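Got some structures for you, see below.
In what follows, chain A forms one complex with chain B and a second complex with chain C.
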Partner chain A sequence: MRWWSRFGLWLSLAIVVGAALLPAISGSASTREAVFTVLVSVALASSLNMLLGYAGYVSFGHIVFFGLGGYIGFYAVSVLGWHLSAAVLAGAAASGLLALLLGMSILRLRGSYFALATIGINEAMKALATNLKAFGGSTGMEMHLRAYQPYGGAARALWITYWALCGVTVLAVVASFLVKRSRFGLALLTIREDEDAAAVLGVDATRAKTLAYVLSAVFPGAVGALYFFKSASIEPGGAFRLHFSIELLVMIMLGGQGTLLGPILGAVAYQKLRSALLTSAAFRDVQLVVAGVLLLAIVLFVPAGAVGWLRSRSRTLHRALE
Partner chain B sequence: MIARLLPSLVDGVLIGVIYGLAAMGLTLIFGVMNVINLSHGSMIAMGMFGVYALFTGAGLNPFVGVAAVAALGLVAGVLVYAVAVHRVRNAPHLSGLLATFAVNMILMGLGTRFLSTNFRNVDFSLGSFALGPVTVTGTRLAACGCAALVTGLLYGFLYRTRAGKEIRAVANDRAAAELVGIRSTRVLALSFGLGTSLAAVAGGLIATLFPFTVLSGGTYELKSFVIVVLGGLGNPLGALIGGVLLGLVEGAVPIFLEASWVPVIEFALFVLVLLVRPQGLLGARR
Partner chain C sequence: MILDVDQMTMRFGGLTAVKKVSFGLREGEILGLIGPNGAGKTTLFNGINGVYPVTSGSVTFRGGAIHGLPTWQIARLGLARTHQIVRPLAELTVRENVVAGACFGRERLGLRDAARVADEVLERVELASKADLPAGKLNLAQKKRLELARALASRPYLLLLDEVLAGLNPSEVSTMLETLREVRSRGVTLILIEHIMHAVMSLSDRVLVLHCGERIAEGTPEQVTRDPRVVEAYLGDPASIGRAAGEA
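After this line comes the complex of A and B, so read on.
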């Protein structure tokens, strides 16, 4: 393998790591907060892309894994008193387990039926969390400041959470790359093109889809645990926010579904645009409208997304961009 | 127990017919062009505000205002089809979902910007009627009657008129319909318009019963999803029955559990039906 055969991976990692190092250079907490938001989106969009972009299954309620991981991680830290690292693993494991259980059943559904089912599952989990007293019911839970003591106080805990998120994001990107280049990834791409034909060719479609679903759920679970540890409170509406789920789809479409670089660029561009709109006086009130027009334009005119479009322009770009 | 159950069940059926009407709009569009219309909720909200504006602005009886809202809904639906849906009618289903969702974002954004998210209500009363232990409000009875009337009109249209028969032909097999000379683009646009109009009418009727905001459409959109899955996607009669079923669940559950458990049961039912009988409880033609 020549060095450029992995150029796409190095480029993607360079972008992620470059962004992650920004707050370390400036040392400012506000830069860190901004990059944190972007990295959350990058990690979630890259994970969702493994299911949506590679296998072609549209999970509209993917945020359910972020919310579940958040709730499990939060409970582990604030009630059970676990260490953050154990809580993150627990969040990831819980999301993976849910995806495994669901995957064995709802992945039988195709197309719009699957998309609807994922919305239903997210709403069901939200409603369940609202009703479970152990998890704080509709008002959710608050983290006591004491919980940050073992990490050297709240300020240091926030930095630790940040670096942990950077780690998870890099892992999600590397996993996306490895899956795409593997035999398993090829099986997923075949399923995307024609599931019946894939089955005839000897692809164990059920197993491949379930594995992709689990992989795409594990990272959001870990990110959720970190996110809500940092924000020190969690409630059902914030954890299972369907709107965020759909924003992830917008990011993936913007960058290019099924590509490695696409979800990363899409997430960065979307968050940049969003914060620019929110801070501009003229567009603050209509940021949703601008985002909607942008989405519509992409879906109608550039369905392959930015990276997909670039790749289709020349052979060099096709090879260079993953 | 029975004394408490009976009135809630009657209320549930009455509201269920209106839910069913909204779901019929969603299922009609899906049946004809295989697009799940994610702008459904904002169309419901538009219907609510249409009736509200006509009532507070012009003093129009809300049940007359609904007729104007139906016409506006039809026009809005044809416009949305032309702008957002036409280009993706043959694209993978993600495109249809995202295109209609983009329309939803635009309308919700405009709505929150210009109408605020304060609660509104249509302050209109028709008294109430008592029959034994059951008391129902006049508005609820009238809203349910309107919904039933619109359902009847829809069926008359689909089965008795040429345009309606063309819609059914395209739903059945678009390529074959084109081969016998049906102009499918017109039919698709009309179906999208009709589906939107049904959503707007349902929204307008709901506005006479409950307070609402710009964002209320989303709640009823989710109910429509549950209903179409219960009744079978693409099956209008199934949507009506699914609506009544959902109304009954909403009426009965709060008697036995806290009201906050209603969505848990609704969505659990939804996922269960998708898993066990994806063709819906009625076993639709698909």
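After this line comes the complex of A and C, so read on.
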């Protein structure tokens, strides 16, 4: 394989790694916090894109996997005293398992029915967490400062968490690329285009969709564990935040669903926009309205998103961008 | 016998679309399936390849019962089909469409081998020059050839063709007929649903006629066209036509 055939991957990784290195160069904690937020979005959007962009299944409640991973990871560290790395794996595994169980039942639904079911699941998990004593009920859980001791204190723990997130984000992007270029990825694309025709071609749609759902859930699980370890607290409203789920869709649609680069650019652009809006007096209270209008405009005028639009402009761009 | 359909019935609520249809198919044979609109031809295909469940009766393909299996499993056994209303994977390229056929069909090829097979098949159906176009951009005749290419790429034993000639102009029809003869010469068994009679008659070894879900005739093209029941199904009762003409 010639190097340029992977140009799209290198470009995507260059953007992610470039952004990730910014705080290391400046050494500033505030840059790190800003990039952390962006990378969380990049990882989540890239993961969701494997389901939404490749298989064409819209999961409105995808944040449920972030929340579940967060709760499991948080519990593992704060109550069970596990090492962070084990807690992250546990968060990822729990989310993957939930996706597997759900996938076998709700992936039989198509279109808006599936989308609605995913919202229901998020709300159900939120209600479960609210009522579960072990998880602290509606007030959630707090991390004791002692929990950061094994990592050389809170300040160092934050950096470790940051680098771990960078690692997970890179993994999510690489996984997106590998899936896209694989036979499995082609199966997902045929499902997106016409699920009945895919079956006639010999695609085992149930298996492929479930696998895509599991893959798209594993990374958010890991990210959730890291995110809430860093926040030092977790509560149901913050973990299963439905509007974050919808913001993820905006990011993917903005950048270009089904492309490798799209969710990355979309996440970066959206987070930039969001922080600009949040700091402006006029838009501070209506930033979600802007997100909604943005989504509407994309769906109406540029359904392929920025990267999709660029790819359709010329053959060179089509080949260069993934 | 490569395919044996025995007493197949397909019922949808109160409607019986296919009634106790039986027929067999030898390897390498071309069977024409004709009948007026609504006769149950496409439904019969949907029953054979598992798109809709068979209410009763059995379908045996290469010695194994396939009724009740999911569509994708039947496809992997080497039974491919094309659709009357074309179903290109519109946003994928023409090549990707055909690669998908090769990847998930009988041979379950890896991507690299599938790409090789795809290019070869695209050459055969004269779509090689369109390989990099999105499939949605093709015209109808090309989409029909794409359907065929996708099915062929899976290297099927049996191919169900649902009106591959419909909507084509006469020169496109003759190109397609040539392609079909070539497909047959490679040992693929074919069942074709077709309304263009000269095509069915010139291609088929045998013709099966359906009317209102029932088999009303079967035989060589000559036998079938002389069968009064077939004439009646297509044109109405000859005696009543005579009367109507007399009254007018």
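FYI, the second predicted complex is superposed on the first by the 322 of 322 C-alpha atoms of A that agree within 3 Å, B and C clash if a C-alpha of one lies under 4 Å from a C-alpha of the other, contacts with A are read in each partner's own complex, and residues count from 1 in each chain.
Assume contacts are C-beta pairs under 8 Å (C-beta built on N, C-alpha and C of every residue); 3 or more make two chains touch, one makes a residue touch a chain.
If you're wondering where the values come from, they're calculated on a predicted model, not measured in any experiment.
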{"item": "First, second, both or neither for A:L80, with chain B first and chain C second", "value": "neither"}
{"item": "Partner chain(s) touched by A:D194 [first = chain B, second = chain C, both, neither]", "value": "second"}
{"item": "Which superposed partner A:A276 touches (first chain B, second chain C, both, neither)", "value": "neither"}
{"item": "Partner chain in contact with A:L145 - chain B first, chain C second, else both or neither", "value": "neither"}
{"item": "Partner chain(s) touched by A:L186 [first = chain B, second = chain C, both, neither]", "value": "second"}
{"item": "Partner, of chain C and chain B, that touches more residues belonging to chain A", "value": "B"}
{"item": "Contacts of A:G202 with chain B and chain C, given as first, second, both or neither", "value": "second"}
{"item": "Chain B and chain C contact sites that coincide on chain A, given as residue numbers", "value": "none"}
{"item": "Residues of chain A defined as touching chain C within the complex", "value": "181-183, 186-187, 189-190, 192-194, 196-205"}
{"item": "Parts of chain C lying in touch with chain A, wherever the complex brings them together", "value": "49, 51, 70-73, 75-76, 80-81, 83, 87, 89-92, 96, 99-101, 103-106, 108, 110-111, 114, 150, 154"}
{"item": "Residues on chain A engaged by chain B in the complex (per definition of touch)", "value": "52, 56, 58, 60, 105-106, 108-109, 111-113, 115-117, 119-121, 123-124, 126-128, 130-131, 138, 246, 249-250, 253, 285-293, 295-296, 299-300, 303"}
{"item": "Sites on chain B touched by chain A in the complex", "value": "30, 34, 36, 83-84, 87-88, 91-95, 97-99, 101-106, 108-110, 112-113, 222, 225-226, 229, 233, 258, 260-261, 263-264, 266-268, 270-271, 274-275, 278"}
